[in-house]
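Below, each structure is written out as structure tokens.
Below are two complexes that have chain A in common, paired first with chain B and then with chain C.
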Partner chain A sequence: MPTVTATKKKTVRINGCVASAQAAKYADVDVIAAYPIRPYTATMMALAQMVANGELDAEYIVADSEHSQLSIAHGASSSGARVFTGSSGVGVQFAYELYSPISGSRMPVQMMIADRTLDPPGDFGSEHTDALSTRDMGWLMGWACDAQEAFDNHLIAYRIGEDRRVLLPQMVCQDGFFVSHITSDVELPDSSQVREFLPPYKHPYPLDPRHPVSHGPQIMPEQGPPLQLERARAMEGSMAVIEEVHKEFGEIFGRHYDPWLEEYKTDDAEVVFFLQGGHGVTARFAIQHMREKGLKVGMVRLRTIRPYPTDRVCEVLSKFKVVGVIETNMGLGSPSSGGVLYADACAALYEAPERPLVISFMAGMGGEAIVLKEFYWMTEKMIQAQKRGKIEKRTHWVGFEE
Partner chain B sequence: MSTKGTKIPDWLTVPFAGITPAPSQDKGQNLFPTGNWRAIRPVYRDKLPPCNNACGTNEKIQGYLDLVKRGKYLDAYALIKEDMPFPSVTGRVCYHPCEQACNRGKYDEAISIRAVERFLGDLGQALKHDVVKPGKPNGKKVAVIGSGPAGHSAAYQLARMGYKVTILEKSPKPGGLNRGGIPVWVLPPHVLDREIERLVELGITLKTNTEVGKDVSWDDLKKNYDACVLAVGLTEPNSVRAEGENKEGVLYGLPFLRDIGMGTSKVKLGPRVAVIGGGNTAIDCAREALRQGAVEVTMITVEANTQEMPASPEDLHDMFEEGVDLWHGRAMTAVLGNGKVESLQLHPARFSGAINASPINIDRNAPAEKFAVDNVIIAVGQHASLNWLPPEFKNERGTIKIDRFGRLGDTNFFAAGDIAQFGSGQPLMVVNAVGDGKRVAFNLDKALRGEPLQPRTIAIDVIMDLNRMNMTYFPHFPRVHQGMLNPITRKKTQDEVIQPFTEEQAVEEAARCFSCGTCNACDNCYLVCPEPCITRPERSNGLYKIIVDYCKGCRVCIEECPTGCLEGVPELDFDTGVVRMDTAFAISPGLHGRQAQELVNLASRPAKNI
Partner chain C sequence: MSYTELTVWTRGIIMDKEGRDIVNSVSASARLEGKYAQAMENYVDNPDRTNAPTRKYCRVSDRVLENELTYENEHPNIVVLVEDTMVKGWDYMRGMPPGGTLIINTHYSPDYMLRFVPGVERLAQLVCVDAAHLAHHKWLYYRLGELGLDRLSTEGAAERSKLIAPDIAAPLIAALVKSTGIVKMETILPMIANKNAFEMALSEMKIMQFNPVAV
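Moving on to the complex of A and B:
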């Protein structure tokens, strides 16, 4: 029995954190494992209020650290509960031990991430390194660029993660502050739409004292590889489900997302930005302005980074002359000596018959906004490379170079 | 699709939570037998609780407390009856060495074991039929001389083994000091009578007014019985050898109490009574004197203080409550008066060496004290009356000469109780007499069957020490106290002073027991084992088993066993159940096992010509 009271479709002006909390409410989660850290705290607060007000009937457990928080999430999920948790920045790191066990035991826990820079600098700005550092732990992962998309992504992720063909945990990410704390209009659906899209969760083999079973038993080393292979199969196999679910979401809610990439003004574009998250909103404005000046610039925004849509990225990015990857993350000592997105993009492009030039831009670091001027500067760098037929260098530190 | 075309062989399929039915608890464990990690193996080994060890007849105290805790009173009563014929008696009179030894006493307060024992004894008294039955008759006849605790216990155990037992008792009523010594307000006669009835129900013949040496001779015993137990006690009071001890109004403790207990007393006490002696008999005499009409009772002891006195602290406390006065460091050197006692002459005195075990030094040069009294009761110990005993069996202590099995030479005569334990270092008390009677009965049986006998002192097993237990599991909890009659009024009556436990009190007190060294099926080990590899078909001592294929020797169960009955034993001490490391990790034929087979196959293949 759904415990959420029936609601009619309505548009509200809320920030990303509250949109996430609303999504958890619409998903009728059973257990909320919480531990405060800004900017995620706002989601935790909103949910606490909903539970206190009786709007949402869920176990709300405040842990004593992120490690416990994710342990609680793991346990609750094993018992068959739909679990919602979340964190930011160093909090994401503190729970690190649990990411592999959760995906290893195939528990579709959902974790909301409102990005925050790791220390240093110890500020509250958004940098994607927190969640990205866990990207290979077997969690489905992707970024929203605004509050509405964040709301939608939560529902979509539950539906994918809980699909029996998938059964994987999900990190549903949004930029701290740029998305998490800026209000915008969000359409909250009619509860019947959610009921249609997201059936109540039923774990196939939960822990249950009436039917004792073992989860995560100690196994022999030689049994490790098949288990890893199973997880790899699940991750890869989820791609078909992801496409299916996004299609259905569009049909029910009227918002149609390409599950992998948003292409903005790419039809005739020669140079494109390749990025994820909230900076995509600024990028759209910058592109509009530059288009007015006749520059053939566009944007490809990555919506799902795990599983990585290698073939789509290859197919789309290879249409252009130059691709400028905006990192918003730290990959110290990485192939580009910049962020980590570059390597994935290049790897995807490797098989392409015609490869674009690829440049990595270190922008938005430490949670700084990427201002329009910087988009113009980056566009200029891409156009120069296009003209030269050669990149000047792999990585540019935006704001620190001529 | 990079995972396309991958295949997982059946033998490597791993069931895991999300995608396949999760394995059952056992199957989950089957995946990885961890037994070969173990260096220490947990072993269930019950140890002897100190209470059981201290009890003179080694009652299984921990066992019956556990049963009482669970409400299984009848089982508890049956268990106690293995070693103790009359828990209703010892539940009242015993000096409870068990409680002195109780580990809980070192933690907060000892378990009130005697009170629980009395609860069970009274429950047994109320039964229409006792739980104990006579053994299958073996055609052998045994005479037991004396119906005190030792004789009672020996007769009881022999009857249970199938002997035809006859008790010969010189007094008109049976019970020994239980009747003619221990006062009625400690042990009401109807309680004892019921226990004697139980004895007769076992088929034992009880002959009172039958004295060995007078009515029956040593040769009669030899002729008419296959064996004989001498449990004749110490029936004669000691004198202090003071001048004028023969004056009227001078009484001896033992006959004074005996006559009251037997209902034949004609004594009339004056208002002022002195009691000479510092032991339990003297205390009983002093308190009995109050009940016989005395107004001022003074106890006079050689011992310099109460600690030196061989008396139970509880009895002393109760005596003071009743208003008895106590003088120390004095000996009575003369009884003064004209034919009848009028006063006592006292001199300062000390034991020359060990308290109660050395001659008394009396300072006769010091000025004598004169103490006016109407009566004096001398209670300074007892000795035996053995003029019927063949001289070769007498010893220098004036008791019976026995070997360490309680046997008189190579005869089928055995001795038990005070007569055997006097001077041995064992305190003389009912439970020790009961234990002695029990052990002698078993040895007598062995002797008649031609089996080797067991020494009278039992070998001490590992006795559980408090520091080997896990005290975190035992919150402090006060002892449940028995009710007592008001001292002002009780001392004028023969009413039983100490009140029984209610059922609730008995259960509450039994639940305080730590179960020292003995598994009480608390289930901790079962619950804490992380493997988990402990099984038990049901919660019961003796049914817990370690599955050695999986126990990795982490010791958690050992640490968390509250009672300390789980021990860690080095794996090298075992040659069964050992899980060897046949392959690097797995004992089942997994990958490593398969590789091993392939290597064997390879070796047997003829070399190729290259």
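Moving on to the complex of A and C:
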């Protein structure tokens, strides 16, 4: 039985953190495992109020650390509960041990990440390194660029992760501050729409004393390969489900997302930004201004990074002359000596018959806003590379160079 | 093109709601008037500590806000001090373009307060309003039990009181709207809980006018 009160569609002005809490409420989650760390704290506090006010009937468990938080989430999911948890920055790291076991036991736990820099600098600002460092742990992962998209991504991710063809946990990410603390108009759906889109969760093999099953037992080495292959297949197989679910979401809610990439003014673009998350909002304004000056610049925003849409990225990015990857993450010693997005983009482009030049831009580090003039500067670098026919260097640190 | 930045300086926890009510009500009113507007708290000041200075921001424009993701108001046209001892110790005038307005909750006169204000040459007007008195605050730290929030932090918490400006924010909003015209009186008044204090402030506020020079 749904425990959420029936509600009509309405538009409210909320920030990304509250949008995530609202999404968890609409998803009628059973267990919330919480531990405070900014900026995620605002989400757990909003949920605590909902539970206290009787708006949401859920077990609200405050853990003693992020490690316990994810352990609780794992256990609750194993018993068949729909679980919501979340964290930021170093909190995401402290729970690291749990990410592989949760995806390994195929538990569709959902974790909200509001990005925060790791230490150093440890400030409250958004770098994607916290979540990205866990990107190969078998969790579905993607970034929203505003509060509405964050809300929608939570519902979409539950539906994908809980699909029996997938059964994988999901990290639903948003930039700290740029999404988590910026308010905008968010359309909250009619509860009947959510009921239609997201059926109650039912795990096929929950822990149940009446029907004993084993989860996560110690196994012998020879049992390892098939288990890993199964998980890899689940991740790969999720791609078809992801497309199907986004399509259905659009039909029910009227907001149609490309599951993989948002293309902005790319039709005749020669140089494009390739980025994730909230900076896409400012990128659009920068592109409008540069277009007025006749520059053929556009943006491709990656919406889902795990599973990585290799074929789609290859097909789309190979149309351009220069791709400027805006990293917003640290990949110390990575192939570009910059961030980690560059390597994935280049790998995807490797099989393209005609490859664009690829430049990595270290911008928005420490959670700094990427301002219009920095987008202009990066565009200039891309245009110079286009004219020259080769890049000046792989990685530019924006704000540190002429 | 008209673009206005409003920065409210307040004190963590004990007067946090007041600051938030000011920027939220102005932003909501501006949007009702068909403008683009945004209200937010300073991200780095939070989670706030009791008494620590915290800043709340509002931006109102007749064009879409392209700097929506910028953390701070870099050039505030209007500055509000929710508590009068804040007049010393912080450079709340930093970045203010000539022609600015400073509004202080104080029982002192603009004449008296002026000596503490850094960068007075940027001001077009200094407004003093005895908001605590008009809202029947015997003193600012009075009625702790009725404060909006718990004593830990306001980060992410909702107010216990759902009312907008039930308290010292109401006279401050009145002084702000009357002296700057940032939004129309008739748009914002219906939102204000303490209408009595709001209306009294309209006649009790003291304005000192200047001819600002470019700095």
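The definition used in the following text is that the second predicted complex is superposed on the first by the 402 of 402 C-alpha atoms of A that agree within 3 Å, B and C clash if a C-alpha of one lies under 4 Å from a C-alpha of the other, contacts with A are read in each partner's own complex, and residues count from 1 in each chain.
Keep in mind that, in the parts below, a residue touches a chain if its C-beta (ideal position, glycine included) is under 8 Å from a C-beta of that chain, and two chains touch if they have at least 3 such contacts.
Nothing here was measured: the structure is a model prediction, and the numbers come from that model.
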Joint occupancy of chain A by chain B and chain C, clash or fit | fit
Which of chain B and chain C A:123 touches, first, second, both or neither = second
Is A:217 touching the first partner chain B, the second partner chain C, both, or neither of them?
-> first
Please work out whether A:107 is in contact with chain B alone, chain C alone, both, or neither, and reply first, second, both or neither.
-> first
Under the superposition described above, what is the C-alpha centre angle at chain A formed with chain B and chain C, rounded in steps of 10 degrees?
-> 100
Kindly classify A:52 by the partners it touches after superposition: chain B alone (first), chain C alone (second), both, or neither?
-> neither
May I ask you to decide whether A:229 touches chain B, chain C, both, or neither, giving the answer as first, second, both or neither?
-> first
Pick out the closest CA atoms of chain B and chain C after fitting on chain A and give their distance in Å.
-> 35
Contact set on chain A toward chain B in their complex | 78, 104-108, 164, 167, 203-205, 212-223, 225-227, 229-230, 232-234, 236-237
Note: in the complex, chain A contacts chain C through residues 13, 17, 38-39, 41-46, 49, 123-125, 177-178, 181-183, 278-279, 281-282, 285, 369, 371-372
Name, in rising order, each residue of chain C that touches chain A in their complex.
-> 28, 38-41, 43-44, 46-47, 64, 66-71, 155-158
Sites on chain B touched by chain A in the complex | 1-3, 6, 8, 12-14, 16-25, 27-29, 31-32, 34, 585-586, 588, 590-592
